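Each of the next two complexes has chain A plus one other chain: chain B in the first, chain C in the second.
And then the complex of A and B:
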């Protein structure tokens, strides 16, 4: 993580959070760069929503500080931080119309308590102009999100996608310093989710504001984000561009999490001095490592060797799964208790269950991890030691 | 040989077989008695009479013109008007406080919930005696305290202008616990993310949070509580019977107590039936107004 400190919009510095006796976050530090789309990716329970709530100011960390623009905002409310948040369940006020929902943050910020009294407030001098101005801004946002015809409806009468837009509108209207989105698409059906993904990306580009997007869906994180923070058990395991997470996973957990098809992870003894070791056969060496290793191979990077004996590993076809363009081949490895998947062009595939197959792979597509710590190992080319 | 019955007939018979018993029981225990009461209210029937004479609306005219009848009606309306809003407001206050208290002192919150609910579970007649002791004009703890503080000591049960309010006070005490439980249930299902959203939107004070989230979200609960409490208010009987017997001089007479007295003490069945019908119309009207007019406004469709 580069120490960009002051150029960040928001920084969490050494924050820890304990909820109900469970430590959710421990000494977490991260920053949000201006105008960047940052995704916090992780399985449920990894602390990503807790992190977002700390950024928002909805919760206060047990330890550590939150900084915005170089200022300590740990004790500031969400409104003081001028952040906007879109919730998974949209969290629209059911008794207010769409227009009133979108206007609420503006009314709260710009009108005095006396001016907020229903009916009577509007009679106060100045209040009417303020309300007219707010109404104008609400309509502008509604036009941008194409929800103008819905302005007088109640949220209960809207579809999930429409409610989503209203929630985004309520976040946009106040011109916030930072957008926080907590799994905003997970309540939508698959088709709408893809459409909203495109729209949110476009919205991010148009607004030029920093977005922090929490999700458990790697496709959302990988397709939308400029930068992905992969979180596991309260820690950021890897922080990088989507391409880095896929091509150079920093740890076994990242490798296992990222990728449309789960990566094959094969536990092997140290290759040191073993001329027949699969790594040696691939032309890779680990001169500085002695313990057991985990070899990571993506199904899409594995090929069948021309002859079964040519491969760096050998296995017997156990199952074939037809996917249209591709066929997923599951092999039981010879002499190991592991099965591996490989993805093959369906047209080219002529395999049958029971066939012996040799595995081939470019040595640059092989990921190596320490079997004990899970950390990434860097092999050197050349067989043997 | 049996003629084959058509499918529609067969399904019709099944429906009848399934619904029939319920309808019969309901008719025997509810609809027919209501109808009989309704018919009797147009007669001058007294228990033991060998014949009945239809007198039209005479019983109703008597109820609304007779000072005692009117007293019972106005007393009931006063009782409801005082008891219902106070009970709802206080129950809401108690529920919101206890709901918040559960965050920092769950044990105390649970204990207080039980304490507030006790009057609902207790035998009202026994509790009424306790009230009688406490509100005794000279040796009751309330008046003794008032006198010590140099305040006037009211005659809670014998002052004609005061007695109905005293009963309303006991009514409030008696219903708060039940309403509180309903409000607590309503509060428990308000989604937490709405409060989060409100906080992000700049709704910062407890007061505006209440009006932005809590109160609107409690709409359906409040409507239900209002209907239940109003119905209970119109039905007030036990405290009147146990504490005042409708006295002094009918100053605490209520519709149901009058109905009991006329019907079961004086056996004036026709007159008691008319009171019952009036009582029924009040409750039905109120429920209709509350549900018919407010239903749409609390469910936000």
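And then the complex of A and C:
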């Protein structure tokens, strides 16, 4: 779990949140490191958006505190925290032009109430200079995001991608301490999403600011983030670099969530004292574990053994799914009520439904979990007991 | 007309002609009193009470309008109407918009109950509360003043209802974005919510101004001085002053009093329709 050091830009400390009688977050603690791209990943309803709203200051936690730069900001408004947020629906003001949309946070922060009065405010001494300065900064941001020709248009006349850029511009312009992005790409079509992914990553590098990015799309989290917090049912299940989540999932739920192709999870009895157990045949042992286990195998790590009898598991080909480069082979395991997917190079594949296949795999690619708790188990090499 | 064209009109065309005719008839029924008012206002006195009905006067009697403007201070009445209706509208917007915003986009204990009270308030006619309000104003020695004409109407449950329905349909993220951008709740109401609710505001303004411009009941109850008489109250002075009712000038006065409303509606028509139908927000 994240340490609660002052080196963090923002810390949530033991926060709980209940909405309408449902406990959304329970005793959650996490920190956001400076200049890091943090993704909060999880299925819908896991509490990731609630977490983001607490960071923003849009909601106040039922229990626990929020700290920024070592100061308690639990009761501070979003503006006092100097955060910027990009919403899923972009939330642009439909009655204001693009330029006015981007300028609004600056106008609210830098102009006195009297100077903000429409038409009359601009006549006050000083206000004119301020507004000119704001206009200059708006144009600079617009140039950076390549939306300069759109500045005088209303949001309704823009495409989804253009609206997205305006929303990012409105967030950027105030030079915030922290960027919060709530599923900003989910309303874009697939092609634009990939393009914006690259742009957001570049934006993060260029600005050097911490980003917190909420998404349910693991590809977005894995490709963009320096660090991924995987949330399930209001808890952070794993907190680590994308590679760690993929290579060493801390729990069965993480293993099942991460990966382009869902991981095969096979429920097996304890390997203790069983010389013919698949684990034993793989050369792995669990000397300290009694009870049932779950074996996790990624389809892309499984191979067909040269002979059916050589594999640590044996199955019969049930279905072949052509994916272009690869073929997804679904096997019905011998003696088990489980189907297993295996990804095979389409060129090399010569299997037919009904064939018997033995499964092979490097022992380092095998993930073991406690069948009861779902926690990761650490096998020792060596077949015997 | 042979060969290519069917002898009988197609079915849907017959239906449309019938429908349009019915609508025209309806419009005629609604417009008839106004047309008659216009017609009488332009007739000389001897032409008004004849046995035969004709809409176009034989001689156009513009002098009715001259009489109307000169015998009673009609300009004053119209100005009073503007002051009273304008005052009411400004205060109504000032109070109903923040209230509707709170009911639609903020959560606080008792919100549903409060909105229920607003809905219940819609069912209470003004005449029920008129007497208590009259007594209250009397005790405050405010009767027979602009205050007496404006104060009872500065809150409007109808306005709260109309704006709340409009705000409830706006995406919550819009208001969250405004909070992130540093707008206070009051700033959100005036800078974001009200400009977006412009169609609803126009519709409400038309309803409010029409109702209070045409209101005779309350000015009759609360005021006696001719100096602060609203237009409908003022028209009554035609009847009071002359021995017999002088219908020509009376109708001329009525025409002049109705005209601002008709002009206002025609100007706001498009926005008004949008507000009532509340297709509302696009882009």
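Rule of thumb we're sticking to: the second predicted complex is superposed on the first by the 383 of 385 C-alpha atoms of A that agree within 3 Å, B and C clash if a C-alpha of one lies under 4 Å from a C-alpha of the other, contacts with A are read in each partner's own complex, and residues count from 1 in each chain.
One rule holds for everything that comes next: a contact is a pair of C-beta atoms (placed from the backbone, for glycine too) under 8 Å apart; a residue touches a chain by one contact, two chains touch by 3 or more.
Not measured: the values here are computed from a predicted model.
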Practice task
In the superposition on chain A, see if there is space for chain B and chain C together, and answer fit or clash.
Solution key: clash
Handout entry: Touched partner set for A:58, first chain B, second chain C, both or neither
Key = both
Practice task
With the two complexes superposed on chain A, say which partner A:157 touches: chain B (first), chain C (second), both, or neither.
Solution key: both
Practice task
Tell me which partner A:89 touches in the superposition: chain B (first), chain C (second), both or neither.
Solution key: both
Practice task
Based on the superposed arrangement, let me know which partner A:299 touches: chain B (first), chain C (second), both, or neither?
Solution key: neither
Exercise for the section: Go through the superposed model and pick first if A:77 touches only chain B, second if only chain C, both, or neither. Expected result: both
Completion exercise
Footprint intersection on chain A (chain B / chain C) at 53, 56, 58, 77-79, 83-85, 87-89, 91-95, 104-105, 108-109, 154-157, 170
Practice task
Spell out the residues on chain A that touch chain B in their complex, using ranges where they run on.
Solution key: 53, 56, 58, 77-79, 83-85, 87-89, 91-95, 104-105, 108-109, 113, 116, 154-157, 170
Practice task
Over in the complex, which chain C residues touch chain A? Could you list them?
Solution key: 171, 173-174, 176-183, 187, 192, 195-196, 198, 281-283
Problem - Interfacial residue positions of chain A with respect to chain C in the complex - result: 53, 56, 58, 77-79, 83-85, 87-89, 91-95, 104-105, 108-109, 154-157, 170
Completion exercise
In the complex, chain B touches chain A at residues 191, 193-194, 196-204, 208, 212-213, 216-217, 219, 299-301
